[in-house]
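Listed next: structures, encoded as structure tokens.
One chain, chain A, links the two complexes that follow: it is found with chain B in the first and with chain C in the second.
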Partner chain A sequence: MVFTDLKGWLPIDAVVVDGRPGLAWMELDGVDFLEPFFQQTIDRVKSEQPARRELFTEFDTLVQLEQTFDSVPPTGFIFHSSRCGSTLLANACRALTGAIVLSEPPPVDKLIARFITDTDEHGTKAKLYSIFVRGVVKALGQRRTGDERHLFVKFACCSVSQIERLQPLWPDVPWVFLYRDPVETIVSNIQHPPSWLLDEDRRVLASITGTSSDTVSAMTMEELCARAVGSFYSTANRVANNRALLLNYNQLSVAEISKVMQFFGVRPAATEMETIARQSQTYSKSFSEKRTFVADADAKQRAASDHVREMAARWANGPYQLLEQKRLETQTS
Partner chain B sequence: METTSQFSNDYGPQRLSVELANICNLHCSYCFRSEENLYSQRAEFFPVELLRRVIDEAREAAQITRVSFTGGEPTLHPQFADVLDTVAAADLQASFVTNGWHFERTWPALAAHRETISHVAFSLDGIDRETHDRWRGKGSFERLVRAFSRCYVAQLPFAIKIIVRRDLVHQLEQIAIFAARMGAAALNFVHVMPTSSGFENSLALNRDEQRAVEQEIAILARIFKMKIGIDVGYYNLDVHRAPCAPLAGTNMNVDYRGRLTLCCNLSGFRGAEAESDVVADLNIESFASALTKLRALAATQLERRRAALTALQAEGITPDLYAGSPCLFCLQSCGKIPWHHGVH
Partner chain C sequence: MTPTNVTTGRHVVVTDFDGGEGILVDLNTKRYFQLNETAMIVWKGLEQGKSISEIVADFTDSYEVEPDRATLSVERLLNSFQLYKLVSAS
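Then we have the complex of A and B:
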């Protein structure tokens, strides 16, 4: 296929076909990523317009196309420890005029996971996947109307474990790490288990928790979640630099979101801030269902079992406190 | 991880390899072609009439379907278009290896014979101007990239050949990315064919380094659609199968003087003291007769290699590169590298 044939197409997944890794592309001309998650948009498009074409290409195509993309350079990245307000922040970014917001796009996060699941002793694959991750972000950040000015990427929570591989790709791009009290985080994840906790391929969680796949399989979900979020806190604490902003869920407010925007180098207009304020009062993860957001920290604390508290105390509270300390020190300085 | 089987199964179609010229316009210090031939002697070009006869006879005797042209620099041949005409008239496919310097000048002939040309192979020495031009001269990289673009736009498949020098070992994935970005159909890595102990020490890899590189190349081959492999010289201890196209009888080399020789890598080797790889002068002998001699020499060389490797294995000795690499084994046993002594 000649590269011009892929105008209007975007990568929607990182897949392996006949043993060869590559990308699934979809014809997405005229489609905006309005939903809180990238995959929700893809699911909607597939459901509403099943005739839209899809195809597989090896990464050769991506590296060829990359030279031709007219893309918005990344404005800011959002990392998080799960269930901590990151979707709210991504939605706020989406309220900005000319913003492309990629919220946990599978082709990006799956490629990042390959840093863990597809390795070799020479580091060859890791170097390649780094290049491919950058290429996919560039592909997804293409200007499609010509008016796009900002590109925000919200990564899946597990991707923070590979942040040291990502930073060299975009050394100057500011990033925020959102996190929340470990007990509240664990309770939320146990009540509605996310796909990353249920993933049958345990290698990613084994790497994050510093254990083996068998050990992960033997853990209760409370322990697994506690160890994972504890690891996320530790990683963020270790790598946070002058391009990083640490943000606790309990700080989240319209004013704080405005500060995050400024940290990203964006000064929202009054109308944009109004939209952000309006959005922040609704449940962030559903696009169609406009549920009112209800602060639930107390409820989560009350719902925590003894096992949740024990696991949080053993695996997550320490790293959380250290991260909080760093945040407060940074704020003071 | 096994690497040898990855690279040794496919020797391509039955083909003739013809050195179109003895000269080259570039002066790459590591080149294994005789400096005297390249730069001091009178320029000699393969006669088109002889080419026509050799192709006809080789098609009959060896069922060739392709002719690949090497040199020197094949595009320096003053009748390059006639050369392509000859291949086209025989209804065969042609390919050639070039440094790309004269590609613009050659393009009209290529465009006129687009259906005849299966692919073009370009020699690359680095993925940026500075590195490539350090070996090949100022302006070389730019011309090469322009040639890549020419081919890509015209959908003429091209391969990139790159010698794995020591300074490139840590850039293998970058080389693959570069080749993919240029739109190459294939990326062929080539181990250094050392022409002196000095070059061997400074440029070539030792056995363990080579094996590590071969493993990395195997990884690249599994990720990219572009065909990636090692052309020559990889470490291979399999004594049951021919380790390369010439010894398998798939590729037959004719040097610029019209002589049938065992392999294009042995032909006119810089510093060689023997020519035991030359089997016949096709100016005065038929291809069929010469082919019989070539096959006998290949069989002898295969047996020599088998005996050497078997003996080493019987003694519990791990063969060194000069025994394990088919190219180095042939270079040594054919008297091409008199500066190297001792083999294990």
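Then we have the complex of A and C:
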């Protein structure tokens, strides 16, 4: 197969095949990313259309193809501290006409994780992974109908730890960091543990928490989550610049989402705002199951164990307060 | 001896990075080469079909460097490119 045959194909995962790192591609002509998460779309397509072709290429193919992609430049990035409304925001972006929304695409976040897990002393690998991340975003942001105008990327929560490596790739792209009260965040993660907390390769969390893999393995999930979200808050606080918008979960409303869109340089039409308002009434992470969204801050606070409160107080409350302070200062300045 | 005509390999892909630096990918060997700003000037000059003396002139225009020293730097880079079979020379 020659490289030009990859028109209509998109990278769906970063993988290693026979010791060769590269990308898994899938023929996705005519497939829209309608689900709240990129992987949900891939799972649906695989289930409904098992004949869709897949192939593996090494990264040199991406570098070669990158120059030929007709892609939408990124409009805005969404970073977050987990369980804080970022999926709601991504869904709102999806309501915009001509928007491509990539919600936690595995090839992007896995490559970002390699900034941590595959390093060398001269930083050459980090530069390579930067180029690959840029190439994958460009690949996923390709115009497929010709009507695409906006590209939004929502990164996995752990990726905020590498934001300083991402910023030079897109220095002018505005980004939002969404976060939530640490106790509520930890309770949500403990009730329904996400894959990033359960990852058996502890190196990413060791880096995020500034500890070792063994130390991470010995932590309770409450401690690990508290230290991770504390680190996310600290990173966001440290790197937030004039291209950044800090947004607390407790601010989320249709009006606030409209402001985020404007921060991203987009003015939603009235019909788009109606769709966003309608969407915000349903549970954001379920596509097929239209559950009604229920504000649950009080319930999360009531569900917090003493251990959750202790860990939040020890590892996350301080960075959270500092971030809140920065947000409030930014709002009033 | 410095070759007079050097052309970049068709099996080599270059990508810009971080405001001037770049990465070369040799599609035959799957090897990656990190180029600093000055190496990128040479590579891009070769891609544009410039002569060695024109590339040296690009060097002296961009940096405060004597022509002799610039020539030496360009020659060293060309030798490296040749060593790794990234260019062909005649």
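Please note the rule applied: the second predicted complex is superposed on the first by the 332 of 333 C-alpha atoms of A that agree within 3 Å, B and C clash if a C-alpha of one lies under 4 Å from a C-alpha of the other, contacts with A are read in each partner's own complex, and residues count from 1 in each chain.
Rule of thumb we're sticking to: a contact is a pair of C-beta atoms (placed from the backbone, for glycine too) under 8 Å apart; a residue touches a chain by one contact, two chains touch by 3 or more.
No experiment lies behind these values; they were computed from the predicted model shown.
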| item | value |
| --- | --- |
| Fit or clash - chain C, chain B, common chain A | clash |
| Touched partner set for A:278, first chain B, second chain C, both or neither | neither |
| First, second, both or neither for A:120, with chain B first and chain C second | first |
| Partner chain in contact with A:238 - chain B first, chain C second, else both or neither | neither |
| Partner chain(s) touched by A:19 [first = chain B, second = chain C, both, neither] | first |
| Contacts of A:168 with chain B and chain C, given as first, second, both or neither | second |
| Partner chain in contact with A:259 - chain B first, chain C second, else both or neither | neither |
| Chain B versus chain C as contact partner of A:314, first or second or both or neither | neither |
| Which partner reaches more residues of chain A (counting touched residues only), chain B or chain C | B |
| Clash with chain C (superposed arrangement) - responsible stretch of chain B out of 8-16, 62-70, 188-196 or 206-214 | 188-196 |
| Footprint overlap on chain A, comparing chain B with chain C | 58, 60, 63-64, 66-67, 124, 127-128, 131 |
| Parts of chain A lying in touch with chain B, wherever the complex brings them together | 19-22, 57-61, 63-64, 66-67, 120, 122, 124-125, 127-128, 131 |
| Residues of chain C that touch chain A when the two form their complex | 13, 15, 17-19, 21, 23, 25, 27, 30, 32, 34 |
| Chain B - residues contacting chain A, complex | 172-174, 176-177, 180-181, 183, 212, 215-216, 219-220, 222-226 |
| For the chain A and chain C complex, residues of the former touching the latter | 58, 60, 63-64, 66-67, 124, 127-128, 130-131, 135, 168 |
